[in-house]
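Letters are used for the chains, namely A, B, C and D, taken in the order the chains are written, and counting of residues starts over at 1 for each.
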Amino acid sequence: MTAHGATGWWDVLGRLTVIDLAHELHRGMPVSPNHPAFDLALQRRHGDIVRADGGSSANELIVTGGHVGTHVDAPAHISQDGLLHDGTPAADVQTNRGFTRLGIDEFAPMVGRGVLLDVAATHGLDVLPPGYEVTAADLEAAEAAAGVEVRPGDAALIRTGWSALWPEREFVGAEDGAPGPGPDAARWLAERRVRVAGGETIAFETVRPGTGHSVLPVHRVLLVEHGINIVEVMDLRPIAAAGVHEFGFVLAPLKIRGATGSPVRPLALVPGRAAPEGDVDR
Amino acid sequence: MTAHGATGWWDVLGRLTVIDLAHELHRGMPVSPNHPAFDLALQRRHGDIVRADGGSSANELIVTGGHVGTHVDAPAHISQDGLLHDGTPAADVQTNRGFTRLGIDEFAPMVGRGVLLDVAATHGLDVLPPGYEVTAADLEAAEAAAGVEVRPGDAALIRTGWSALWPEREFVGAEDGAPGPGPDAARWLAERRVRVAGGETIAFETVRPGTGHSVLPVHRVLLVEHGINIVEVMDLRPIAAAGVHEFGFVLAPLKIRGATGSPVRPLALVPGRAAPEGDVDR
Amino acid sequence: MTAHGATGWWDVLGRLTVIDLAHELHRGMPVSPNHPAFDLALQRRHGDIVRADGGSSANELIVTGGHVGTHVDAPAHISQDGLLHDGTPAADVQTNRGFTRLGIDEFAPMVGRGVLLDVAATHGLDVLPPGYEVTAADLEAAEAAAGVEVRPGDAALIRTGWSALWPEREFVGAEDGAPGPGPDAARWLAERRVRVAGGETIAFETVRPGTGHSVLPVHRVLLVEHGINIVEVMDLRPIAAAGVHEFGFVLAPLKIRGATGSPVRPLALVPGRAAPEGDVDR
Amino acid sequence: MTAHGATGWWDVLGRLTVIDLAHELHRGMPVSPNHPAFDLALQRRHGDIVRADGGSSANELIVTGGHVGTHVDAPAHISQDGLLHDGTPAADVQTNRGFTRLGIDEFAPMVGRGVLLDVAATHGLDVLPPGYEVTAADLEAAEAAAGVEVRPGDAALIRTGWSALWPEREFVGAEDGAPGPGPDAARWLAERRVRVAGGETIAFETVRPGTGHSVLPVHRVLLVEHGINIVEVMDLRPIAAAGVHEFGFVLAPLKIRGATGSPVRPLALVPGRAAPEGDVDR
């Protein structure tokens, strides 16, 4: 292969607009009470130790979890009646070093097609109300409105508008709930054989006021029954603002051995330079 | 835009081979003594709390650092005579919540071109010896051998073969040192105006036996003088095994507010399906 | 020395009633937003690894801070105009490994006399209202009511009744404030030359509604001006229930090199076996 | 009760010499590879945030474990054939929030009698060799040499001299082993019905060269069979230097809900002021 002949790929890549779908990780950001709080401290600062040549370094100590901030769930995250995906008994694979199977380290980094199903927009709303259940009919309406079709292997991202509440305390939905798919929508996604399903809320579920995460039927359908990874706490504002519904999608979670999930920086790739760069988070 | 007309991008993406350039993160893996040890504990296991419908969840508590495992350095990591890149006084931007400028959160996720400069191969070696200084001449020889050219905006990855020592204790190089670029090679990279420079060792430097990281001249040239991010602890075995020297390159660090670095999952993208999938780490 | 002749000390010790003045450390407990959240995960559980002889171990990973739960402040915690206690410039002693002077590791474990100043009781209240400022006059009234005198070297514990709010969210006082000493009371304690001053709230200060910890005048008087350690988040219910106002007091913080504070298990020792054992926390 | 009449206890306490039996907790100190590394970072430093009145605060983020540094084991730490102390099935009490029974939070703080059994001294050695098994005969010889008797409810501290290796890497004994009691000595301690048994090494066991902690028979006898807490990584140099073999002993572990152990600051109390103050650690 000559260098010249193979050039197309990366030159094309370099001309794509990269849209960042992650929120920032920082102290005090909203986290589910079931997970560790994110924390960071600069352990070494410039000037603490100055090398002979005048150089100095800074670095940090970080505390986090696999489901903190924008993150991906692995099938190991959820069991039903003691069984993980593929009928694997949870007890057989959970160890002091994490999961020997079905952990996030088994997720081969995804570079593929993403589709935005903007359910908030099809309802003419900026933000769906807390407790709203996104249905299969909603997903079909969003597909139709966008003129796109969810296909096998895709990442299907469902927009509820909930990113607008980040990083407020209400984002978690502990008291008032949060909008999200119900089991009917989850089955629809599974039938389409998506590889990844994603959303903006802490739990990719319909969270009704006052009930918290008492049951997680969407997680069961996607993770346990179909082994479909879920991305949560995505910032879908920039992709909605770009007005595109089909795009390249990159999902490369940290390769944490045996973990049930990982923080991640999901990317949408769109042709040209017209779309906004970066997010609207800061 | 019709769905059909725009299809090319993601369908092409979906046919690329994704090569994983990260090592696994796990308890006991090699870490520089200047940084936190990676740790993970399953905080909740399946069966701990069983929901009314028979569902159960598992998740983890993670301790890590910005320079632990495969990771990217931000310019905030290194100062010279009290100044960061662009002459920014370190004291002005380091706070209890991290850096207000030049942190890893300022790195726009990269989707572009990567080039492998296989210095070990040009020397006919599997692994360069500890303490070996990679020079500008080595980089030019590697370019010539591969028939590629490093261009502005590229990620230039320098292979020393050091990945073979992972995850042994010797990987750190505390006693015997490690191979890596010297200041001359760093200036060469800066002159080529790469966006990212990467390697396999814990410090992207020539680490001479017994000296540890007493000075970091390559970090100074790249981070302080030119604001070029450095990726360290990459696993370059799979890309070397694939026999490609030009490829798509994706680098999407966690968006950690104010951090001096971030763990990351760097990806190489190559056309077709001939290359090995995944890494050779397990 | 014969064993018999020296026996008195420990036999007497063994007949003392030990009253525990600490709250439990656990996930979800109230912590100041300025400090890390307490977290714990069992890293290894019984059955994870079974030794050849049928034995197995469990242990945990813990995240905490120096000012989390019942804890002691070291002088290094607070500066005024850049200076710590004794006029030590803070910049001279704060390093990447903590403080080289005035840290909690300089506190010689205390075994001495404690005095309870029950200000809530002198007001005929179970709990003083949020924002109430404990004054020097309050402390004198509490001394008189108890018939005790605060002496040099004592630990003076001020009861506001606030322990009753543990572990509710309101305990922190972020919105409604919390009762505690004002600068006048702090000076009174300093004049009495106590070794340690202690209380039940997160900040040993008058915290007025809505102001949070915007200024910490009591910390300044005690820590900066006089080098008197402060114990916060004590559970004073058991000692109040025991009806004693003078007692033996033991304060043995963890010997954390260079830390500004440490979690601790303070003990009151009273003669005989009449007093309630343990706390009323569970 | 008059203030005067009750004075004896605390005035006597205040005249005791307090001998510190803990090592410092710091980054890089020796820790068993089965437990988290101790880590600390100053999260906020003086000057980061200056209050309106010129005051400023510093505090830290800490990562540790229940068996890191000088610490106490709870019975929940060890099981035999699935059972904890009292025949409690481990599976019944281990939860995502720690142990509901037999955790360190059940240990009522000890204020009682301690006895030093200086086995190294009875052998005429400063430090017993790695792998040396302390026997019941050794303990009896040490009792006789000191002219003391171990009684029910005591803390029996066994000196091997191993503190001298702190904080060297060899302290852990991973390669060469470490001296400590064998099962015969453990049974002897159990027959004497001590409340607490303590030593200087990371595992209160005979650790033979190259075997690591493959079996823990002393832990089984003490924790599982008799519910006797074990204190490890004590610094026994100061009490040996003081030349006393009977003393008051205080052990007040952190009240960590459900933990299998806790860092601690054990104290020996001896009459008068002749003994050395503090430790010889710095």
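As a working rule, a residue touches a chain if its C-beta (ideal position, glycine included) is under 8 Å from a C-beta of that chain, and two chains touch if they have at least 3 such contacts.
Which protein is which chain? UniProt says A, B, C, D = Cyclase family protein.
Because the structure is a prediction, the values reported are computed rather than measured.
Chemist: Would you mind naming the chains that touch chain A (Cyclase family protein) and likewise touch chain B (Cyclase family protein)?
Modeler: Per touch definition, common to chain A (Cyclase family protein) and chain B (Cyclase family protein): C, D.
Chemist: At the place where copies chain A (Cyclase family protein) and chain D (Cyclase family protein) touch, is the share of residue numbers found on both sides over half (same) or under half (different)?
Modeler: Comparing the two copies, chain A (Cyclase family protein) and chain D (Cyclase family protein) contact each other through largely the same residue numbers, since over half are shared.
Chemist: Higher C-beta contact count, C-D or B-C?
Modeler: Pair with the higher count of C-beta contacts: C-D.
Chemist: In whole angstrom, what separates the CA-based centres of chain B (Cyclase family protein) and chain C (Cyclase family protein)?
Modeler: Distance between chain centres, rounded to whole Å: 45 Å.
Chemist: Using mean CA coordinates as chain centres, what's the chain C (Cyclase family protein)-chain D (Cyclase family protein) distance in Å?
Modeler: Spacing between the chain centres: roughly 23 Å.
Chemist: Please output the residue numbers of chain B (Cyclase family protein) that touch at least 2 other chains, ranges allowed.
Modeler: Residue numbers touching two or more other chains: 36, 39, 41-45, 60-61, 63, 96.
Chemist: Which residues of chain A (Cyclase family protein) touch chain D (Cyclase family protein) once you look at their complex with the stated criterion?
Modeler: Of all residues in chain A (Cyclase family protein), those touching chain D (Cyclase family protein) are 39, 41-43, 45, 60-61, 63.
Chemist: If you look only at chain B (Cyclase family protein), which of its residues touch chain D (Cyclase family protein) in the complex?
Modeler: 28, 33, 36-37, 39, 43-45, 48-49, 63, 95-96
Chemist: Across the complex, what residues on chain D (Cyclase family protein) touch chain C (Cyclase family protein)?
Modeler: 1-3, 6-7, 9-14, 16, 18, 20, 22-27, 34-36, 40-47, 51-67, 69-70, 76-82, 84, 90-91, 94, 96-99, 105, 108-114, 147-149, 153, 214-217, 219-220, 244-250, 252-261, 263-267, 269-271, 277-278
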